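Consider the two complexes below, in which chain A is the common component and chain B and chain C are the respective partners.
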Partner chain A sequence: MTSASRTTEGSSIAHARWGSSVPWASRLQPQNLLWLLLAAILVVLILAPMSTLVIASFTDAQTGNWTLSNYAEAYGRARHVTALTNTLKMGAAVVALKLLFGVPLAWACTRTDMPGKNLVRYGVFGAFIMPPYLGGVGWILLAGPNTGWINRAWFWLTGATEPLVNVFTFWGLVLVTAIGGFFLVFVFVSSAFEMINSEMEDAANILGAGPVKTALKITFPLVLPAILGSALLSFLGAIALYGVPALIAIPARFPVVVIQLSEFFSFPLRVEVAAAYSVPLLLITVGLLGLQRLILRRKGYTSLTGKGGERRLVKLGRWRWAMFAYCFAVVALAVLLPFVVLLLAAFNRSWTAGFSIDNFTLRNFHYALFEHSSSQHALVASVGIGIAAATLAILLALCIAYIVQRRVLPFGQVLAFLAVSPYVIPGIVLAIGFYAAYALPPLALYGTYTILVLAVATRFLPIAFTTAVAGMRSIHPEMEDAVRILGGGRLSVIRSVVGPLLKRTLAGGWLLIFVLAAQELSTAIFLVGPNTRVVSVVLLDLSEEGRMEVLAALGTLLLLMIVAVVAIGVRYLGRDFMLRRS
Partner chain B sequence: MIGRLTLAAFISAAFISHTSAETNYTPNEQALYEAAKSEGSVTWYVSQYNTENADTICSLFSERYPGVACNPVRSTGQVAFQRIQQELQAGALQADVFSTNEDSQVLQLKGAGQLLKYVPENLQHVVPRIREMGDPDGYWVASGVSPVVILYNTKLVPEEEAPRNWTDLYDPKWKSQVAIGHPSFSGAVGVWATAINDLYGWEFFEKLEQNQPHISRSILDAQNLVGTGERKISIASLSVALQDMHLSGAPTAMVAPTDGMVMPVSVTSVLDAAQRPNAGKLLQEFLLSVEVSEYLASIYRYPLRPEVEVPKGSISLDEPNLIFIPAQEALDKSMEIQGNFRDTFGI
Partner chain C sequence: MDGLVLRNLGRRFGAFDAVADLNLHIKPGEFVSLLGPSGCGKTTTLRMIAGFIDPTAGAIELNGKLLSAPDGSVPPEKRGMSMIFQSYAIWPNMTVAQNVSFGLKLRKLPREEVRRRTGEILEVVRMSHLADRYPSELSGGQQQRIALARAIVVRPALLLLDEPLSNLDANLREEMRFEIKRMHDEFKITSVYVTHDQSEAMVTSDRIAVMNKGLLEQIDTPYALYTRPRTRFVASFIGRTNFIAGHRSGDLIDFTGFSVPMAAINGPVASSGELTASIRPEAMRLTTEPSSDENAIKLEGTITRSAFLGEAWDYVFRSRNSDVEFKVAAPPSEKFEVGGSAWLQIDPRQVVPITD
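On to the complex of A and B.
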């Protein structure tokens, strides 16, 4: 009864759709049991590794007794605390930069008459397809203090001896982290902009507001949920990244959490200390989620209803080309420059040698494809894991989002929290959680593809979930209610309303996760076995050996394969999910 | 009955003599090979070689022993060691053979009873000086020697200005021009840091820190930065430097520091819980074979067998200027050195 009445409370706030007189027994319909099962899967998938971690953080490794000593060891050294504060600083700077990149581009591409929109969209998508560590390698080739292309040009032009730019610095780290992730901001904010119809803006205009006031009072407040949501994801993504810090933060001598965690995982293995070290990050996420809810509280953001609407573009006039120049500059920083130098390196005997026919070679590709012991296998593994993990994550997320948004089950917000929580667990910690929960007997999944797919799907569940929730939030329940009134069950609702309406959103989400999962490094680094190595791990090893040319060639091959899958996906979608109706 | 037995004996004898005629297996090798074939493969965690060299050794292995696949998994020593620890804790050991540049790691494993005792048949044929570097109890063998030296870029640094000894690394004239590896990643760097700490105390690293060195993970990357000109000088593994100079034409040259070349001993052991112990032993045998030594010499690494000529540029093992760090000492100091390094360099 308690549970039923709680549901009623929740429902009455929401839509008061489920009557309070429904007896307990009639709630145990097959459909509801299905929801329960799915919720259980989610709980097992996330709670098992996470609770293993949290319990471990309070457990003495030797005696198994309750202790706080892990926390003392984790935060007992100034250096360890510095790594945490550094990470927060870096995260904040990355979010600022991502918003600076993502929001104006999203606005320009969706709501203005800026020229070259598709070019910008393709560029932004290219930045996303490029894995962060490849972008990092690209920027090392561009902005290495002594041999980077930009600095060599600078020395040559000015005769200076001090480098103009240095990637091995705080700002280098921030830039490289931001360029790989601002795509998410762009996508979330774009889709929010697209759902606003001009009627509300027209109303403001009629009441005498100018374009700027309209933008500030109407347009931006309406996309605030998308901005906040993507800022949150950006922050969490930035602090959990492993590859870029390994490439840049170590030489820059800027310790961050993931690097510190890898210290706890080196000999002697101190999983408990690592767990204790990462628990504050979880608390920070809870805080940020709370903040987000506080800001969005008691405001309605539903803009897509069963009724039609019209969207008109803002005329930028002479600012059109200035806007385009800004967008192009962002795209150049994020993808054009690093990709061009990577290609140069891939086709060169030595990346420092410069452009000449003598230097041109296909040897790096030949080596990567046919000679290197694991790269061929790794290419197939990366793409396969991407497909499997994306599918799993989207299916789970759709069900959970439906449960949460339509309050099908009590404690939906707990599920929502669980579904977004993996994103804040640094990939290597998630990996160790999975390791502890699933690698050991009786499941004994160490070194299998299963554990990689499960972990990667869990890692990107927050994106799948956010995508699904954003979609769900935009569908007014009146359309589903129509199905229910006509006698359809919940599954019919999903099949005939939610599914079709969200097809594009979900397919877009699938592609997003596929791209991220095929590139995933942070989780993979501790879960790959000798026979399940993925490209990202091979690339990191190549970077550590200093084999930049082979790395560039193998990275290019990975990019080609990801682009191929995305192209098929986009073709299936009928219309490019990036190139929305315009 | 007798006829059948004789026939069987004849057939097996013919089979053995036939194969031995082709590839000359010794009886012990033959027995290991047969057992290894039923195991099917061997997984080799290796930090001693770069990926390319490890791949080649593995394909040579599978050529000599058809039916036994060899999977090299290359990483830095600390990473491979951490992985083995993790697998042991999970009770799902994947590695059969472990080759590292830091013999304190195998000493640690031996102390925990995690190594398999095996004295390879080929060990008796190895250069005596190298043979002595292995474990007297038979838990590991020395599988390579390559001293840590100083490397400089010949395009950027004239020979007369090149550093002469380790303390030159903190000469202010090299500010922002030095590259080193990280002892928490690289085994060779760990041994080097221990030796330098013995020589000069930790002040050495505090002074080096003033010079803002580039901290790579592996020693390979550090010396690669000198090859590309990103940095002017670095610490370097001698045989890798020779390989880069002679096979890739890197514009680099080496200096044997007057205050001593640090000599990490690369070692190879078979793990006690290995899923494929026979294939593991076979790989260990193979690493000590003339065939591998010939390959090593061809890539400017020090051959383990006296039959093979030492490549030009290698140092003599009797060189008095070599600094060896006993495995026990390295093990005792390892945590302290890594902690100090992180405190001093902040990473």
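On to the complex of A and C.
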């Protein structure tokens, strides 16, 4: 019997078992309680914040009555509407740039004989590890209008007085946002390229299609879903990203949604207006998802599951080095340049003073670690939140994935849907939802680590869930049946088979979430209290105070810790554990 | 009652009856196959016996103990059975020896006994030299042997086999059929074997239960099943056959173009009306001259198609006076030309009445 028919059989089993003939008493079994518990957790993490957000947007803050005044206030001013249109413009430009970076790199690294593929892969990996706001700081150091290193070099070389480049512009904002997230496009699209069976291309060749025609008619359409999916996520990421706009859009006097939202969150606090202002972001998300469905409907893109056998690489010939130069340029823009200037600033007394021995110092690190009021505490908090959120997300995801994949319970698909839904909720919107639902009494979780861990874990639950589902899929159900028929119970199944087999996959997913959670800013910005500050928030404060050297030092420390954890992971799991995820 | 008893067993998925009113008694030490096309309910039956699926009707008993009923079932881990899976289900995180000894350890046997019995069974399946290998380093056939050893070493009350050979290539499959047979002869474990491959079932089984659309069509020894199929489905699923329509008139049964005395026919016939009979291609002979055999039925006709299969000829013979066509098998030496005339000789004792 094929696995497909086994699955349908499984679903009908679940269906039949829960037919109306089952008396209510026998439904109250432990497995049911587990389902209820998991469902309750997901309601707490996802449904309650989101519904509170929507309800709050229609609630009068003073009287608690139903009202539209929040929307009137949110969109009543031209500046607020401009921020929304600006954000959409910026999002579109960022998506274009990310695709321009990510797709050629993915193609070059998977399907061509370009030299230095591993170098490029490491570069993209570096872009993943580097938090977007640190990239932004790097680019302020590089391309600030008067003191940026590029401009100073330009003044020195040409004697000009007008800056060559200025990061505090629309395109500066777009570039910095794009370099902070194009790795996602790369990962999605390169795994799609790796899934393509060369035989599909061979079949086109043998029927008379040349390389260009094959690329346009076969290869490109096959990776189109991956491109569209990553474009969608890139757009959502770009419009909801907080750090880079805070660094660049404010000085550039370019109002965007996230900055406007943070204004609603500053004195006087207007949560209901913020909620009303963020509901359109949710609607845009839903609209884009619908659009994606519309474009991809009916085409059996699921054929992208083949192993692909031996893939022939495209011979670039003379263009090999040109391709490499392009890839290297992208990596340089995204990682090398900002990282180098950040490192230099971290060891300088004054980053504007230029290279010299006199300028070298370790004071910035000493200050960041031991003198600054909150940064030492924040480093510990960031790592702690990373660990707690990653663990929580992975455990929850494993339970849900087991239930969904093994059809242990009815309505598993509902759980699965809930578990992946934060994927498309902008982080900042999720944070406002959490704030609205849990920050204030009766729960009064504002200013606790609990609310931070819960929100961050929720934000990355989809990554954990997809990891766990992929892991569960790789375990044939008969492996578990074999344990049971030989006399082992469900616990024995998990201890002796599922656990050992999933160890690596889950550890990989855990590390991935840890890296993202330890540097998370968009979710944290509205949820940190005076005593629960995390590194990302402290870094942003330092930039507002203009203390770039200390900021660079603290950023370097954060990177060091993340790299250390990743290095342990790479040692334990092999170096491709992050680039191979889908 | 000793052995495995399935009593009015049924399993309904929504509005679909996967298995209905199945009655079966498998004696201790017996090897029984559940044979049928995919979707016939054989795997569902096996998984109900294992306890992975609960029945919606009827009961399963083993050696007088009730195991499964609609209102409650013994879980698989408490049934003392073992099973060989289609995917082998060898645990990749354990070595060969760890895989094989897993069930023994669960039974909390002394370490020395676990070691001894693991060693013995690996000897039996000729895998001792690979005891410390991991499954990914083994071939499909070797993995199959490990699955066999793992299932047998616990001396199960019942051994279940779920299409264990369907992932092997043809040569290996033939070898493993005899391996399974040898294991059964050696350990005499009561076994239920699910397959859709009739030759697999015929090589291994004491009896074969043919299932179709959730119903048991017939259970018999391989020989009886082949020579005396009771239904149209069984006759056509096991081997190839010719169906001929006839009706009863007095002591004769009239088929198109010939008739057979009631007494000569193999099997019971309804007292009146229409009937269908099955004649195997091997139950007939082609000759150039009419046979002198008094009892044989003789038909004159032409050869309309022929194919040489190596071990036999495959002919289609068309009767001259009725235009009925028969598939006929002949030894390689008996060569006939397409279009040429021939005589068909039918042994009436091999004309088997069947029900539709």
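To be clear about the criterion, the second predicted complex is superposed on the first by the 433 of 582 C-alpha atoms of A that agree within 3 Å, B and C clash if a C-alpha of one lies under 4 Å from a C-alpha of the other, contacts with A are read in each partner's own complex, and residues count from 1 in each chain.
One rule holds in what follows: contacts are C-beta pairs under 8 Å (C-beta built on N, C-alpha and C of every residue); 3 or more make two chains touch, one makes a residue touch a chain.
None of the values given here were measured: they were computed from a predicted structure.
S.K.: One more residue to check, A:478. First (chain B), second (chain C), both or neither?
M.R.: The answer is second: A:478 touches chain C but not chain B.
S.K.: Does the superposition put A:104 against chain B (first), chain C (second), both, or neither?
M.R.: Neither partner.
S.K.: Just to be sure I read the superposition right, which of the two partners does A:250 touch: chain B = first, chain C = second, or both, or neither?
M.R.: A:250 sits against chain B, while chain C stays out of touch.
S.K.: Once the shared chain is lined up, is A:211 touching chain B (first), chain C (second), both, or neither of them?
M.R.: neither
S.K.: With the two structures laid over each other on chain A, which partner does A:384 touch: chain B (first), chain C (second), both, or neither?
M.R.: In the superposition, A:384 touches no partner, neither chain B nor chain C.
S.K.: Return first, second, both or neither, reflecting whether A:115 touches chain B, chain C, both chains, or no partner chain.
M.R.: In the superposed model, A:115 contacts neither chain B nor chain C.
S.K.: Contact-wise, after the overlay, does A:280 reach chain B, chain C, both or neither (first, second, both, neither)?
M.R.: In the superposition, A:280 contacts neither chain B nor chain C.
S.K.: On chain A, which partner's contacts cover more residues, chain B's or chain C's?
M.R.: B
S.K.: Per the contact definition, I'd like the list of chain A residues that touch chain B in the complex.
M.R.: On the chain A side, the touching residues are 79, 82, 144-147, 168, 246, 249-251, 253-255, 259, 263, 265-269, 350-352, 367, 371-373, 435, 439-441, 444, 446-447, 526, 529-531, 533, 541-548.
S.K.: Mind pulling up the chain B residues that touch chain A in the complex?
M.R.: 43, 45, 50-52, 54-55, 58, 71-76, 78-79, 81-82, 85-87, 89-92, 94-95, 105, 108, 176, 182, 184-185, 214-218, 220-221, 223-225, 227-231, 248, 342-343, 345-347
S.K.: Considering only the defined contacts, which chain C positions touch chain A in the complex?
M.R.: Counting only chain C, the residues touching chain A are 12-14, 16, 18, 38-39, 43-44, 50-54, 56, 75-83, 85-89, 91-94, 102-103, 106-107, 150, 154, 160, 163.
S.K.: Under the definition above, what is the set of chain A residues touching chain C in their complex?
M.R.: 1, 5, 9, 12-13, 15-17, 19, 476, 478-479, 481-489, 492, 496-497, 500-501
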